[in-house]
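Right, one structure below, let's go through it.
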Amino acid sequence: MANDKLFLEEKETGRIEAFSDGVFAIAITLLILDIKVPHMRDLTSAGGLVQALLGLWPAYIAYLISFATILIIWVNHHRIFNYIKRSDDAFLFLNGFLLFLVVFIPFPTALLSEYLTSQYAHIVSAIYSGTFLMVAVALQLLWRHAAKDKRLISRNADHCFISNISKQYRYGPPLYLLALMLSFIWAPASIAMCFLLAVFFSIAGAITKMYCEIEIK
Amino acid sequence: MANDKLFLEEKETGRIEAFSDGVFAIAITLLILDIKVPHMRDLTSAGGLVQALLGLWPAYIAYLISFATILIIWVNHHRIFNYIKRSDDAFLFLNGFLLFLVVFIPFPTALLSEYLTSQYAHIVSAIYSGTFLMVAVALQLLWRHAAKDKRLISRNADHCFISNISKQYRYGPPLYLLALMLSFIWAPASIAMCFLLAVFFSIAGAITKMYCEIEIK
Amino acid sequence: MANDKLFLEEKETGRIEAFSDGVFAIAITLLILDIKVPHMRDLTSAGGLVQALLGLWPAYIAYLISFATILIIWVNHHRIFNYIKRSDDAFLFLNGFLLFLVVFIPFPTALLSEYLTSQYAHIVSAIYSGTFLMVAVALQLLWRHAAKDKRLISRNADHCFISNISKQYRYGPPLYLLALMLSFIWAPASIAMCFLLAVFFSIAGAITKMYCEIEIK
Amino acid sequence: MANDKLFLEEKETGRIEAFSDGVFAIAITLLILDIKVPHMRDLTSAGGLVQALLGLWPAYIAYLISFATILIIWVNHHRIFNYIKRSDDAFLFLNGFLLFLVVFIPFPTALLSEYLTSQYAHIVSAIYSGTFLMVAVALQLLWRHAAKDKRLISRNADHCFISNISKQYRYGPPLYLLALMLSFIWAPASIAMCFLLAVFFSIAGAITKMYCEIEIK
């Protein structure tokens, strides 16, 4: 019975991962729908298509940053599933909450595309960075729940990795909170910070890996 | 030959599950397309963007409840596939019918987003809760067909889980019928009930699990 | 080396199947986007929402038939992948051609939704059934290529199944050709035939299975 | 520990592949959304629906070429993952860059559909072929990074395949650069070349395979 249960649990984390992967893959691909093709009839005789395409720059930036951020969330989601070997109901709920926010990302992305150059830049960049703040919180809650007393963690998971992920994730919420606050002062700075954070968190994972692999040797 | 057949059958439930997972993941992600970004030119000078975004509250509520409901259907779909190890044609047909309804969900969700605050609130909440009623019926039909005389169930599946799932699923259709009837009286109550039912069914699974694990011990 | 090659080939059919499954799952889910929510401002004071929703019946029918057809194509695609264990370049190309047509299905579905009740009913039902005709041809080409001299078929595949699938697929193209010709005479008959063919092919698979299982015993 | 690390790495390439597959499958399916159904009210009394559908030919061509190209990218992506057995951070980044471009493809496809017959044909075919040029560069960077000193390659990978893939990928960027330059001279030639390149690269893989299999024998 115990073996059977273990098998079911391993299979369950595999399935949660596969379903989450599907959601990540679709959410990241739907982002392209926010770059709207300018219609022939809307082109002004003066500027023409090139002008119209250049005018879409907020949409390109929003696409780039949202793509990078969802990709980093996916990388992190997978990284922690390397160590998570069991599941419980709170974990399922927290993972569902994370996916809820990830699926939501195309909406603030579309808002940013439409309003970054308007008088509403503060509002849309606040909603944009605020969404990422909530994602960072959700990811931390998910990991904390799993890592507390290693309750959902594989037994032979290396301690160095576990504690380094915990350390690193602690930076997420305050840094995105900073990006949120920046949006009220100067919207472009907030957007730039969201991009830099995606870069930072992609490097952070590599640093942890290197650091812990040196320690193991 | 018998072994070969068994292998094909196990592989087949795995594939039905993988295909269904793909459909669930896409249906849940398409929900975000129902939250339409307000266009610059449609903003009234008075209220502006904030007003317009606040005015989208029916869309946010519809997104939240539909997301939660599809997630719970997915959780339940997987829960029963833990025990189902064979497939037959009626099962394939019933699973197809369930997916047909799941893929349909974004449409009543969009209807609810557009008309919840109009004089048509009764109609759209009836269509919304009615769709969930049909999903509950489809899920019960799928499970009943599989569980009858345990015909598609794994031999070493625990009896407690099987009978508890059966008990629990019996509540689905009458409760969603109640939500449907409420929609004719007071639309918001119907919508609230749909949300509460998603919460209830997410907890119900956990209770079954706890209850049966105690019994096993 | 031979073993290695065999392993790569088995892995390759698995991957072709997984990618095709993803495409099927997305194409079937995108169908719902063809049922457009009627906008508040387009409602006539007389009829209102109920009238507008009832007026969408061509979209519901198109959704139902396209969903059923893609589901049956998926079932058949999987059925033949049960027996196909190798891949070659022509097979990859033919599978790509099948997916090309499957991804195309939402377009004739949308055409049917918009024009079934117009004077263009003949044209759109011809395009609709013509698309399915091409799918039937593509599926038959894919199977024929694989089954000829059993070149891509598993060695221990039962002969009865192989020859029965071949027999059955031969009916696909002429029957859909009939549906196409009907569309020029009476559009509703063509559409009804497309639906009946989906039902027929879902039953046909079951009959083959029963027939061959009796023979084995 | 070493074994554990190896296992994690193998699992990681498997997951990168599965996620990438999801993105490819969705991007290829979203292409159909660029073929817009002509609306009843936009039909001119003279030409009618047939005229309107024939007028969509740039959209059909764009759909065909983009579908073929994404399919070929997928085939190549999988081909190289047959040999890649490890992952590192630069590899993850380069794969993310490739996916970024693949997800972008529906946008230049939509541009081509809308503007191929306008005075902007040069611009949109330049953007279209330019996107494919970047994809070819990204695919080559990904492969080069993996194949350099065989750092991410399976040990028992055949040398002939590895060196032939390297040779072949070298042709990608200059050939697509030629297509890009053609777009400034005569747009249709650029588009035709994009199609021919998709055909060429699908055949190139087959030739490598045949050539190396002869050598092995």
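Lettered A, B, C and D in written order, each chain numbered from 1.
Assume a contact is a pair of C-beta atoms (placed from the backbone, for glycine too) under 8 Å apart; a residue touches a chain by one contact, two chains touch by 3 or more.
Every value quoted in this text rests on a predicted model; they were computed, and no experiment measured them.
Student: State which chains count as neighbours of chain B and simultaneously of chain C.
Tutor: For chain B paired with chain C, there are no chains in contact with each.
Student: Which chain's centre, taken as the mean of its Cα atoms, is farthest from the centre of chain C?
Tutor: It is A.
Student: Call it same or different for chain C and chain D: same when shared residue numbers make up over half of all numbers used at their interface.
Tutor: Different-residue interface.
Student: What rotation angle, rounded to the nearest 5 degrees, superposes the C-alpha atoms of chain A onto those of its identical copy chain B?
Tutor: 90
Student: State, to the nearest whole Å, the distance from the C-alpha centre of chain A to the C-alpha centre of chain D.
Tutor: It comes to 26 Å between the two C-alpha centres.
Student: Cα centroid separation between chain A and chain C, in whole Å?
Tutor: Computed value for the inter-centroid distance: 36 Å.
Student: List, in ascending order, every residue of chain B touching at least 2 other chains.
Tutor: 18, 22, 25-26, 33
Student: Between which chains is there touch?
Tutor: Applying the touch rule to all chain pairs gives A-B, A-D, B-C, C-D.
Student: Spell out the part of chain B that touches chain C in their complex, as residue ranges.
Tutor: Residues 1, 4, 8, 11-12, 15, 18-19, 22-23, 25-27, 30, 33, 89, 92-93, 96, 99-100, 103-104, 106-107, 110-111, 114-115, 118, 120, 123-124, 127 of chain B touch chain C in their complex.
Student: Show which residues of chain B lie in contact with chain A when the two form their complex.
Tutor: Touching chain A from chain B are residues 17-18, 21-22, 24-26, 28-29, 31-33, 35, 37, 39-40, 48-50, 53, 63-64, 67-68, 71, 74-75, 78, 82, 156, 202, 205-206, 209, 216.
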